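Each of the two complexes below includes chain A, the first together with chain B, the second together with chain C.
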Partner chain A sequence: MTTDVQTLSQPRTKDRVSFFASPRAIPYMLLLPAIVVILSVVLVPLLVSFWTSFTAYNLTKPATLFQFVGLRNYQRLLTNADFWWAFGRTFVFVTITLNLEMLLGLGLALLVNKITWGQRTLRTIMMFPMMFSPILVGFQFKYIFNDSIGLLNNALFDLHIISQPIPWLVDGTLANFSIIFAEIWMSTSVFAILLLAGLMALPKEPLEAARVDGCNPLQVFQHITLPFLMPFVYIAMTIRSLDVARAYDMVKIMTNGGPAGRTELLWTLMTRTGYQNSQMGMANAMGYVSIILSIVFTFYFYRKLVAARTFMGGAQ
Partner chain B sequence: MSRLTIEKPWQRWLIRFGVFVAMAILTVPGLWVVLTAFRPNIEVLARPAVWIPQNPTLDNFARLFGLSSAQQGLPVLQYFTNSLVISITSTFVAVVIGMAGGYSFARFSFKGKATLFLAFMLSRTVPGVALSLPLFIIWARLGLIDTSFGMILVYMAVNIPFTIWLTDGFFRQIPVDLSEAAQIDGCTRWQAFWKVEFPLARSGLASAAIFAFLTSWNEYALASQLTRTTASKTMPVGLMDFTAQFTVDWTGMSAMAVLIIIPALVLTFVVQKHLIAGLTFGGVK
Partner chain C sequence: MATKFLAKALLASVALATLSGAVMAQEFDYGSFPGYTLKVKLIGGTQYEKLYTRIPEWEALTGAKVEIVSSKNHFDLDREIKQDIASGQITWCVGSNHTSFAPQYGDLYIDLAQSIPASELAKYVPGTLQASMVDGRLVQLPRVTDVSNLYYRKDLYEDPAKMEAYKAKFGTDLAPPKTFDEFKQQIIFFADAPNLYGTAFAGKDEGMSGRFMEILRANGGDLFDANWKPTFNSPEGVAALQWFKDIYDAGAVPAGTVNYTWDEIGQAMAAGQLAVDLDWPGFAGFYSDPTASKIADHLGFAVAPVGTSGKRGGWSGSHSFSVTEACDNKPAAVSLAVFLTNDDSELMEAEAGNLPTRSATFDQAVKYFNENGKTALAEMFPIWQASLADARTPPLIPQWIEVSNVLWPQLQAAIVGEKTPQEALDQAAADATTILEDAGILKQ
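Now for the complex of A and B:
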């Protein structure tokens, strides 16, 4: 990377020298290594994947990489019921989990904020799920939701609530409930911790003023606490939407899309198509759909974050 | 807020109860896995369920490292080494490169700044599974499949955008005046950075580094496709070895899970304060 910098700054033309020697070039020079890495490891692959999505590329037949088929992969996707089920399920999954995580995170932050003694310990415990690799979260819940030896069924048995094992991961509906539960367990902390940090930074004066003016707690929350918390909500949403796809790891180990494709998300379907069925062209077309979905989510919350930041009078 | 609101005793107990239930849900699953790691397999399969371990044992860990004659060991030590090498190297490079980028965003105004920043963030948005498809094709042609070097490159790219975001926030919290004062006293900008700004940002940089390390350490989607053998398989990928067999080896998997979680646990405790500050104030101010 350093050699790039040197070759670029070789004196070739007069104005080029003056630009690279001028202070104006410094910020770009500092960013150059980062740009080079992202270009070569993210952007170039994305271009390859874009090209591949218009070919009939099959892993077992390398020559097919250059067999251009136009929009055929996309056409097939649009008429493929499995794809639409996976797409719809992913969309619903992300919407349900993000909203519930936000609400539960807010609730948890408000509760912990009320507790004065031992708050630091509680915050540490809240960090607990954040340390877990998604693959570990998946394993943990695969174990807990196991119908014959799982913690949950064992507890229900011993409390005499059930007499037959509940097939948490074997029944389609229950399996979807289980993966949503696992996802919420994994990520509610992100919201709780960031919102708690927001609550602790909340200025006291407006709260006192509102109370003196006779606002009830609900009004205080709605008109003072919540607007102040919004930037923190957007930070958490942005961070979360950056890596919604890590649900893949969890689902992969818990159900691997099963039973009978009932928990198949876009991400699991993609790897099945690409690596197991070797249909790389088709898989990359799906990949593009998932990339656009992620980018739209992140971009939306990022714009909200920038707007909230400007509203708070910050820099940028 | 707590000092403003006067709760009735029953309300206070309700809050405590709510917090207790929430904390139980957050901790019990993990603790249960840890308990299982120290149980013999018979106890896990027993019916009725055995709640408290009757015969705590270290056999599961011995088995992982091939120390027990009962079952052939998995190359867990090799996976552990791979994970360490890949995570530490990619973290170090990502932090150096990301720090330069973050400093640039924090201290300079230049053409295309906002767009570039957004472009970095959006590059992080690309799902690992979607990125793994083209990387698999390219890495295969370059001979980088199943090499630590290939994984290090990938994790560098994964970690740089977030490092830029965090360090940008940390550098913006340091007043510009400090570096300017040093420059008036005769330092070059380069010296001023290393003597004034770097020491002040050091704790923030440490947490950015730990965050990057944890991301690499825990990553599965990319590693599962780009690694094949003991030459580069990481711990999360190795965990799946247990499910490839005829039955799921719950105790073995639990023991491996404990090995994955320990470094993450230690590092997160070390860094938690800076991490929260970095995420919130780096983002808001």
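Now for the complex of A and C:
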């Protein structure tokens, strides 16, 4: 009997050995280090964090990692008004910021593209805000928008535009505007650089043909330049949507989600829950619910990207 | 014979005196650890790092080396330490700690009372040392203490026009406030926005919770009852929160104060934008420095006001050093912790304007200030020292920061007018109840 089993198992082992020794295995073997790295730094933490979202895991009590509480964290989240306000606010924040960054970035790219002398220098200067740490940008705008010693209010006082200080970082609308302004100041150049790359790759022939056919500049932009740029726009949108949805550093410094939760975004809430309150199980549950937001944006922009590329291919 | 006896008695008494003198002067034995490298995680920042210039002295004394493996602000350090606990990677021996943070860390740190002689511990301010204990264990050695008292602008309080106007309006002389009601009255009286505000307060994070707790306790209330049931939504709590709301609604504090922490308040006071500031001792050096502060020549000090119960809230805490259970050379770690809080270290802290944690240092510091022309600090020290008698820490439970994080957003909501004080405090009390029930501290 034993002999039979050994006999039966021999060809399989032989197959396996021959596969690993064969040229077919080479791509897999070459990819193996990357697969191992990805599994260890992405998949394993992802699975562990997913597990912890079903536990009462407290960061300072490692034993709670195995204290299974089922769906309790998710059930609490469903009825947690603060979380859903932060969720909705993050959605609005991402939508407004992305659209404004896109419009301003497009404008900047079109202007810079027109320049023939010193364009390289201007492109470098345009990238300066991206080089600052978000924390430094947060501090910078915190002092610009400070109601009593801030640059903006002082300028408005000196120009006799206001007689009482404007509470930029306190009023619900103004505080969110201030944070969006800071985010746009720092990251509009991402859009500008990507769209400028698109403009520089734009073939000259269709533009010249359109002009010969009597199209005005607006028509050229609407029917040739913009459709050609749309894939670049959606790629930039996809990258930036994931970036903006993770907004934390600047908000932490400027308002820390306050006052009274008026500027609370998902990441300030999750960080406070996970690290200050040590409730890592609940914070991870928040994270997994929040992923919905990133999936929605990414899915939407990829669909738009595919549609834009189809258009470029002449299907429409 | 009598002469011989007298000589023996004299010799014996001299010997006894010498012996007792030797015991009196007995110093802590810092030990010898040649070749050993002690890994430490210390709080960073200009005001904290001057003390670390003494580390080479300890290295020369013991033969050990100190490797600072992390130096961050306390909030980042707290996060890092929690990650270390979660991953089980406690590879360091001495860590900076704080009274408010210490209860969170469970059994991460050793009971220092088991490693340090009682004679050495007796040199620390008893109340401060008591506040450094968690569950009866001395988990930290305090290096500087925080307690808040009043800084005020003498030029405003001694301005004849303001003195006359105040007397006419309230019927009493203008003097630093003795009660929180009087304090509120003066904050509103002095306010002349946007050039001058009555005061500003830390309006977010634990700073907001702490200030509220201070007035709550001064009014005779407290955060929790003996069974850890939240009681801060009591009438005393509502009155404490109304105090903040009244000065905010009157425009007597900057509207942005709900986003302020200590940095903004310190800058505003030094710029002459505030009339009074209830604040920690560390600002005394800054406010009295004419190169950095516009109010240096007019700086006055007064003890914090009392509440309606006639008591001071005395919100207090200490920065400290702790030694990990996982440390591979605890005697060396304890030696460094004691060295960094010994008399010489405390004098160095005090000379920078910080409130020391060793009793003997207070007199030495005042002497030093007087000899070096720092009269403002010499005036400040006895006032802050006196208020230590009333000082109380936040609740020393692991959930304090978590409770604080549900409390301060609700306090803000009431201050900016989104909720009534009662609604806000009821919501915070309900959230705090859930936290304490989940932790098993409060039974359902």
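Keep in mind that, in the parts below, the second predicted complex is superposed on the first by the 256 of 316 C-alpha atoms of A that agree within 3 Å, B and C clash if a C-alpha of one lies under 4 Å from a C-alpha of the other, contacts with A are read in each partner's own complex, and residues count from 1 in each chain.
Operating definition for what follows: contacts are C-beta pairs under 8 Å (C-beta built on N, C-alpha and C of every residue); 3 or more make two chains touch, one makes a residue touch a chain.
In this text, all values refer to a predicted model and were calculated from it rather than measured experimentally.
With chain A as the common reference for superposition, the partners chain B and chain C occupy clashing space. In the superposition on chain A, A:L305 contacts chain B only, with no contact to chain C.
Of the two partner chains, neither chain B nor chain C is touched by A:N80. When the two complexes are superposed, the chain touching more residues of chain A, out of chain B and chain C, is B. Residue contacts after overlaying the shared chain place A:F157 against chain B and chain C alike. Using the contact criterion defined above for the overlaid structures, shared-chain residue A:A245 touches chain B, although it does not reach chain C. Using the contact criterion defined above for the overlaid structures, shared-chain residue A:F132 touches chain B, although it does not reach chain C. In the superposition on chain A, A:M280 contacts both chain B and chain C. In the superposition on chain A, A:I149 makes contact with both chain B and chain C.
In the superposition on chain A, no contact is made by A:N176 with either chain B or chain C. Residues common to the contacts of chain A with chain B and with chain C across the two structures: 149, 157, 275, 280. By the touch rule above, chain B contacts chain A in their complex via residues 1-2, 4-5, 7, 15-16, 18-19, 22-23, 25-30, 32-33, 36, 44-45, 48-49, 97-98, 100-101, 103-105, 107-108, 110, 113-114, 116, 118-138, 153-154, 156-157, 160-162, 164, 172, 214, 217-221, 224-225, 236, 239-240, 243, 248, 250, 253-254, 257, 260-261, 264-265, 268-269, 272, 276-277, 279-280, 283-285. Within the complex formed with chain A, the residues of chain C that make contact are 75, 78-79, 82-83, 85-86, 88, 104-106, 108, 193-194, 197, 203-205, 254-256, 258-259, 264, 267-268, 271, 273, 398, 401-402, 405, 408-410, 412-413, 415-416, 418, 438. Of all the residues in chain A, the ones that touch chain B in their complex are 24, 26-28, 30-31, 33-35, 37-38, 40-46, 48-49, 52, 57, 65, 107-108, 111-116, 122-136, 139-144, 149, 151, 154-155, 157-158, 185, 189, 193-194, 197-199, 201-202, 204, 207-208, 211, 217, 225, 231-232, 235, 238-239, 241-242, 244-246, 248-249, 252-253, 267, 270-271, 274-275, 280, 283-284, 286-288, 290-291, 294-295, 297-299, 302, 305, 309, 312, 314-316. Chain contact summary for the complex, chain A toward chain C: residues 56, 59-62, 146-149, 153, 157, 164-165, 167-170, 254-261, 272, 275-280.
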